[in-house]
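Below, chain A partners chain B and then partners chain C, in two separate complexes.
The block that comes next holds the complex of A and B.
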């Protein structure tokens, strides 16, 4: 009996079979990526001194093209951002200028949030820049998730290592930890309020926390998401910024 | 006797020439080094005080914790009221509000799109109040390379390195892009009134100077400022006075638990400045000790050689009945004369070299290229009142010490042996 118990324990510890990491990430991509999408969202930045909320509308095509217009508050209204093939432009109505963001500025926070421009810019597929390894599973709340470790296989990645907790049934991220090459934890991301939209599971709330920054994180709430819409080509041009 | 000894030193050059040369060279080096290090350190301290630390600084407690990161979201609110109270409470200090900020400056092409762009560190100063001394503190008039100082709101100065690199001329429009106090995007169009070069690599890499009213508008900091700085009217940092003022101010607010309550910090208490001030203060004493030890060893050696050379002379003087104490005393007197002559010569030449280094300076911009230290790019010596006498202390002591050590040999001479030694 004793030997049987030890045998079962060994099986439990060493014999756990997980699906291929690449397959898991591919399934995540099927849920999170789409040909194009239009969503409206609110971004609440919980700063050290106060919190503030901004509303925006974003149209995106794949991972490479995206256009965001800020709708409120009044100080940000009319500010637009265009991401196009690894480049980022911002239009400010108060100065009537289009400014390209590049270099070190990409590491700066977007609107004082816990997100950097670089976070918005990295449009490469995870499979293309990381090697994937499933390291275990864990129950988070009422969901069971695979723990997937992603290690960069190319240079110029914002985060050398990522740990993702991926829902075993829905194949959407539940939690994410982003690390620097030194092993320093940089950001923590929580994915909440997962809903089925047009046949795919999608997290409607994402909470970002830059662990190196004071404050209580940035909450990103999707108020409406529509996949596979008709988006006119001119939207993803610099000309649309001033319109 | 003094006249007799003096004549001896002048006429018998073999007795005085080498020690005088050694003392002169040593004193000269010491004076030059003292003025040089004092010049660099003093200038760096002044730069730091004028640009960053002030002699005293008031910030919110939260801002003070990360002051190096310029966290303007934690700035002082109702700053004008605070400034008024400080001016009333400490009338012997000049109080000014400032905002330090980081951001990007972007120059448009004819289509309004980015032509040139670069990261900057900015200073928002009170440039237009008639009583403001901020232009003087930043030495703006003399640092101006092109154009003129801002004369009205909406004008700003940019670093000449940036202007040269991107062919920017006065009158051109640019957009300052940064972060507002509440974390939003800040955009403000400004006009280049001129370009400046401070002579410090870390400042010249990318600096913008604008009036505080423009920056308050740009960063949505209405009646707010990151820092309030105070300067002594003498423009010299007095740690005792500064510490007393800070202690009294902080004591009054001790019971308030709000992390946005103001806190007063002295120049010495700001990042790395304590060590720096101690170093500047200690440098004179350290140099005197090092010089004295090294020179004493050299002059002791020279004295021993001289003692050997004057072996016969001391023998005859002893044989003629001169007292050993008297010979030793005359040796010390001679040392005082030699030390004085050497120190006068050394100080004169040292001051001349220091004066040259003070006037012309040495361009160290090459080594300071990537430095973040607030150091002048042309290093200059500074002749302080101390430099006029500092060389005399080691100059005299080392010769006297050297001769005193080597002269001990006089007491070892045996009178009974003298004639035998002289016959030989």
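The block that comes next holds the complex of A and C.
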């Protein structure tokens, strides 16, 4: 009886079989990606002393093209961002100028948030730049998630290692941790308020937190999300920035 | 000679009025010498400190390096090979590698420059030998300004985040092994110095440098791709600041001198007005009008000679004391971005003193001359009678 118990325990601990990591990531991609999407969101940057919120409207096609217009506060209203095939332009109404953000500038924070332009810009598929391995599962709140570890297989990645918690049933990320080469945790991303929209599970709130600095991170709240809409081609051109 | 005798006799005879004029002019004289000496002292100290702590006897820059553009650093580095390697081994130049990094003191994100330097270098005065300390963490030295700003002290450990040559984030804990005190902000503010080899290794830029600092034995030569920046170029900003300060000081000198010279001018006008009988007597005795003008002009300019004597008398001990003890500078000056020590020691060169003496004498002579021109128009007979003309 004792040996049977030990055997069952060993089976329980070591005998768990997880699906292939690539398959999980592909399922997440299928769930989260769409031909295009239009969403309105608020970005709240929680500083050490105060918080500020910006409202924006984004139209994106795949993960290569996106156009964002800031709607409020008044100081940011009319600022537009266009991401196109690995390039990023920003239009500022106060100067009436279009500036291309490139090189080291991409490493700067987006409007003082915990996100860099580069974080927004990396549109390579995770499987192309990381080796994916499922290392276990964990219950987070009322959801059970696979723990997926991604280790860089190419040199030019910002985060050498990532750890993602993927909902076992919905195949949406629940939590993500981004690590430095040294193994130091740098950023944590929490995906909350997952809703089914047009047949897809989608997190409506994403909280980015630079764990090395004080503050409560940057919170994205999607107020509306629409998939597979009609978006005119001219939206993803530089001409649309000044309109 | 007669003119000088008369001038001094009249001046001393005028008593308090003369001494008031002389005192005011002597103050102007001493202040000009003091302020110019202070600027020269500051200039000399800033140039010496910048040379000793930062620029050495010139620098070799990578063509993409621009000290005012932190974004250039990603592309501003090249391997240390051939001649540069040989010169570095001879100790004629020392390589520096610079990269951008971030620290998080007390949870605050702060962008800094992470600089790699050879711990055994002898070209600049940074206490780099401290980097030879064996610690489990990366040994680092920082300046007092950086320590104050980030609220860190010797022995503290600090997490530093940077990106390697491929843009991948990496972190390491550094230990502050020494906090140095230096007047040159550009080797102190927002920067951490660590051993060159360590920085090369953690950034993946093995055997690479952003710039070299040249020592006294270095002879300018072609070292492709490095571009030699001579001392004059590297110190030009200090020169420009001092020149600007000197222009500002010129206005102060002008105002001070004007006050003193106005008093002499007034005295001269009054003398010519009140001493018409005396002027008439001189002319009646056979003096030409030019000789009388000369007597009065010398009398006026003799104020300046007395002022220089008086100024030397009370100013010398004061200036000597300030030269030895230095002039304490307020802490706020330290944040101006200029090399400035806690005390400035004025430098009074012979050129400075002679030029100030000449300035005072010539300007006093000019203002003394103008009122006396009226003498040339006086009618001697009326002057003898004391008729006001």
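Everything below uses one rule, namely that the second predicted complex is superposed on the first by the 243 of 243 C-alpha atoms of A that agree within 3 Å, B and C clash if a C-alpha of one lies under 4 Å from a C-alpha of the other, contacts with A are read in each partner's own complex, and residues count from 1 in each chain.
Please note the rule applied: a contact is a pair of C-beta atoms (placed from the backbone, for glycine too) under 8 Å apart; a residue touches a chain by one contact, two chains touch by 3 or more.
The shown structure was predicted, so the numbers you read here are calculated from the model rather than taken from an experiment.
Visitor: Given the superposition on chain A, are chain B and chain C in a clash or a fit?
Guide: Aligned through their shared chain, the two binders clash on chain A.
Visitor: Tell me the contact category for A:238 with respect to chain B and chain C: first, second, both or neither.
Guide: After superposition on chain A, A:238 lies in contact with chain B alone.
Visitor: Of the two partners chain B and chain C, indicate the one touching more residues belonging to chain A.
Guide: B
Visitor: Just checking: does A:90 make contact with chain B only, chain C only, both, or neither of them? Give me first, second, both or neither.
Guide: In the superposition, A:90 contacts chain B only.
Visitor: Looking at the overlay, does A:99 come into contact with chain B only (first), chain C only (second), both, or neither?
Guide: The first partner, chain B, only.
Visitor: Look at A:111 in the shared chain and tell me whether it touches chain B only, chain C only, both, or neither; answer first, second, both or neither.
Guide: Touch partner of A:111: chain B, not chain C.
Visitor: Considering only touches as defined above, state whether A:159 meets chain B (first), chain C (second), both or neither.
Guide: A:159 contacts chain C only, not chain B.
Visitor: In the overlay, answer first, second, both or neither for which of chain B and chain C A:79 touches.
Guide: first
Visitor: If you stack the two complexes on chain A, which partner ends up touching A:48: first (chain B), second (chain C), both, or neither?
Guide: It touches chain B and chain C both.
Visitor: Determine, for the stretches 22-30, 40-48, 148-156 or 310-318 of chain B, which one clashes with chain C when the structures are superposed.
Guide: Clashing stretch: 40-48.
Visitor: Please report the chain A residues shared by its interface with chain B and its interface with chain C.
Guide: Comparing the two interfaces on chain A, one with chain B and one with chain C, the shared residues are 48, 103-105.
Visitor: Per the contact definition, I'd like the list of chain C residues that touch chain A in the complex.
Guide: Within the complex, chain C touches chain A at residues 70-71, 74, 100, 102, 104, 106-109, 159, 161, 163-164, 166-172.
Visitor: Tell me, which parts of chain B touch chain A in their complex?
Guide: Residues 62, 73-74, 104, 106, 108, 112-114, 117, 119, 175, 177, 179-180, 182-185, 187-189, 220, 260 of chain B touch chain A in their complex.
Visitor: Show me the residue ranges of chain A that touch chain C in the complex, using the header's touch definition.
Guide: It comes out as residues 48, 103-105, 107, 118, 152, 155-160, 180-182, 184, 186, 210, 212-215.
Visitor: For the complex, which residues does chain A have touching chain B?
Guide: 45, 47-50, 52, 75-76, 79, 90, 92, 94-105, 108-109, 111-113, 238
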